[in-house]
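Have a look at these structures, which come just after this line.
Okay, so chain A shows up in both of these, paired with chain B first and chain C after.
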Partner chain A sequence: MKDMATTHTRDTIDMFVRTLIQDMGVDATEINDDANLEDLGLDSLDVVELSQGVKKQLSIPVAPGDFADVVTIADTVALIMTKADIA
Partner chain B sequence: MKSSDNSFGCAFVTGGGRGIGAQISKTLAADGWPVAVGYRQGRDTAEAVVAEIEIEGGTACAVPGDLQDADVIEAIFTDLEDRFGRVAVLVNNAGIREDGVLTGLSDAAWQEVMDTNVSAAFRTSRRAISSMLRARHGRVINITSFVATQAIAGISNYAASKAALGGLTRALAVEVAHRGITVNAIAPGLVATDLTRELGHFETSVKRGVPMRRPAELAEISEGVRFLASDGASYITGQTLTIDGGLSAQAFSLA
Partner chain C sequence: MKRRVVITGIGAVSPLGIGAQVLHENAVAGMSGIKGGKGLCCEFDGAQTLGRRENFRMDRFAQLAVVAAREALAQAGWGDTPPVAADRVPCIIGSAIGGLMTLEEEIEKMRIDGAAAVSPLTVPKLMANAAAAHISMRFGLRGETAAIVSACSGGAQAIVAALRAIRSGEADAAVAGGAEAATTPFTTAIFTTAGALSPTGTSVPFSAERDGFILSEGAGVLVLEAADVAESRGAIILGEIVGFGVRSDAHHITAPEPNGTCAAAAIQAALDDGDLIAEDIDYINAHGTGTKLNDATEIVALRAALGPAASTIPLSSSKSYLGHLLGAAGAVEAIATLLALRHRQLPPVYGLTQADPALGELTLLKASLSLSDEKPLHVGLSNSMGFGGHNVTLALRA
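For the complex of A and B:
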């Protein structure tokens, strides 16, 4: 069920994103900070799914449109951290 | 009999409290789906549909809300997801008419029809798809109309809205097909409901225009929805199933 934790850290968000992307079928060895989402085989629907997962399971208010300028895994984590109000 | 394991998911029928929507709600429930009967103002009729479904041993709930508001839609879906796991079938059935020749139509008559018949379906689909993606399964069924492609006078707003809904059906279908989500439309012909009874000379129109010489029964429309929602329709997407007694196949009656 929903994760109701109110404290997120860079590490927990990073771990969550990597796990979600692996669930989408991406090889764990290919997932690093500089990995380009498109090169990993993720399309816009995957981004919608990622956004929905972050919103539902981490309770961080993100929308698919927020990810428009996101290119790498590092960008993704940074964007989510911004939405979670983490410095 | 529904073949899918729906222990994890429900069907949400917009405008499910009366007319075609009420029958769709009952048919899906009889097929094993828990059904959320959406309504805007007709609480009594929606709750009557829920009661009928429950008497037959099915599961249903009445869901109020103005689908022009994305926040309302978010709240509806979140609640249904909490209760049933997810919305596995979305039937965009809610539709209104405000007839008149185009030159006499007010801005409001145009906009309200477009808002209710198309924009609401866009919003509900946007929200529904985002959780169908994860499940790699989903059904979106849009109720359009034969007038989307074959006109009669006095309904330019309604016809435009239904044609738009048809276009939305095809465009969305190709976007999400590779995720196991199908998006189709049902185009009813002449059906005896509150909407069509107000049509002047309904019976004459039916006899003249419909080869079967009778309007559709509500269940003849909902059967199409039942099929499209089922596992049996898993390879059908981006299509419009016209259920009209031969109306659209006929140029004009020789009788």
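For the complex of A and C:
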């Protein structure tokens, strides 16, 4: 499973994050790089869900605590790329 | 003198469809929502009916409650905020079990993927008060918000709690009801091993062949208002809750007290509270689960409380066409009772061809029955009984 993480690209991660946030019920038209997670109506519980989704489905080792400084969608993607060693 | 409490809005999601009026119309038309031995709200899709965000953040039982509340509040003509001070509007929603589907899913996640995979939304979704909390948030209700957890009488006791709050003067209006979505293979297994569920899936309450209840889901929500409040704002009054009685068996955790003494006491208390006598009652919406024990005990209790009138008052059970909505049953059946009185059309015991002769002489409705136009208003009783020995009777007038 660890090898899988190295196959990810910015695009696949970006797409995954957008899909996951849409699955949480956020309107697709509101999701863009600069969108603030809080403005999208996502709270700390949603961020934990996001972290769990990335870990389980992309096998990238992120933890909820890693999201402490994340504000936007772009920040989210950047964090996950760092954790996947493809930053 | 008691402060009168009236009903100005009702909403329901049931196996007969989305909407209170739909429930009544289908019931009196002789339809049943039971399919394959279960009563599911097939038309209800959380994401579509309510919204994708709500679908993600709420268990199905809370979704059902919010949709029922949305209908009830719209009918009452409440806008985005209540017509009285928001902190004088409690929201009490009963549920026997709460978010069972969420609980099952998350336990499975933990088993397969480990503790770190468990959703932080698990408790906010499964807690029994989630339905009341979401209704409170959505409609800005700032009075007391709580769940009443008393098995299959929870929905009725939620109405009682709201009624008391208004009568006492603590509240001017209230949102009350019940919600349940616990029809999983797990609960099916539990109620089957407990011997309460119908193994044939075709049980008819009060028939000799009845062999248990049918497991169902749904929600019912009522808007209650002090009569003075409703009248002063020109609200359409659908009916009145004129009396209630609540008593406990103090006997056994699942079996009803066989003499029906406490169920009879609850019925009598409801009559007394509403200044009613047996002869005033035009309809009885029985708890009528379709288990051998429940139906027999309930009839004994009705006879003890109502005397000879128990044989002549038209009687039916909503569970014959809805199945058992557990914690939602009391609220949905109060709505069914209200609409039956309001439209002067009583729903039948669906599927009943011959009543169990062991129950004695009764006026069980094998078909829908019209009430006379002679009386301006009619009175009905709605019974609820729950595991734990809870007996509740509501007296409604419309």
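Simple rule for what comes next: the second predicted complex is superposed on the first by the 81 of 87 C-alpha atoms of A that agree within 3 Å, B and C clash if a C-alpha of one lies under 4 Å from a C-alpha of the other, contacts with A are read in each partner's own complex, and residues count from 1 in each chain.
Heads up, the rule we're going with is that a contact is a pair of C-beta atoms (placed from the backbone, for glycine too) under 8 Å apart; a residue touches a chain by one contact, two chains touch by 3 or more.
It should be emphasised that the depicted structure is a prediction, and the values quoted were computed from it without experimental measurement.
Chemist: Fit or clash for chain B plus chain C once both are placed on chain A?
Modeler: Chain B/chain C on chain A - steric clash.
Chemist: Contact-wise, after the overlay, does A:Gly41 reach chain B, chain C, both or neither (first, second, both, neither)?
Modeler: In the superposition, A:Gly41 touches chain C alone.
Chemist: Count the residues of chain A touched by chain B and by chain C, then name the partner with the higher count.
Modeler: The partner that reaches more residues of chain A in the superposed model: C.
Chemist: Taking the superposition on A as described, I'd like to know which of chain B and chain C A:Gln52 touches: first, second, both or neither.
Modeler: Once the two structures are laid over each other on A, A:Gln52 reaches both partners.
Chemist: Regarding the shared-chain residue A:Ile31, is it in contact with chain B (first), chain C (second), both, or neither?
Modeler: In the superposed model, A:Ile31 contacts neither chain B nor chain C.
Chemist: After lining up the shared chain so the two structures overlap, which partner does A:Val71 touch, if you call chain B first and chain C second: first, second, both or neither?
Modeler: Neither partner.
Chemist: Determine, under the contact definition given at the top, whether A:Ile86 touches first (chain B), second (chain C), both, or neither.
Modeler: Neither chain B nor chain C is touched by A:Ile86.
Chemist: After the overlay on chain A, which stretch of chain C ends up in the same space as chain B: 113-121, 221-229 or 275-283?
Modeler: For chain C, the clashing option is 113-121.
Chemist: Common interface residues of chain A with chain B and chain C?
Modeler: Common to the two interfaces on chain A: residues 45, 48-49, 52.
Chemist: Under the touch definition given earlier, write down the residues of chain A that touch chain C in their complex.
Modeler: 23-26, 41, 44-45, 48-49, 52, 55-56
Chemist: Under the stated contact criterion, what part of chain A meets chain B in this complex?
Modeler: Per the stated touch rule, the residues are 45, 48-49, 51-53, 64.
Chemist: In the complex of these two chains, what residues of chain B are touching chain A?
Modeler: 129-131, 133-134, 175-176, 179
Chemist: Write out the stretch or stretches of chain C touching chain A in their complex.
Modeler: These residues of chain C touch chain A: 47, 51-57, 113, 116-117, 119-121, 124.
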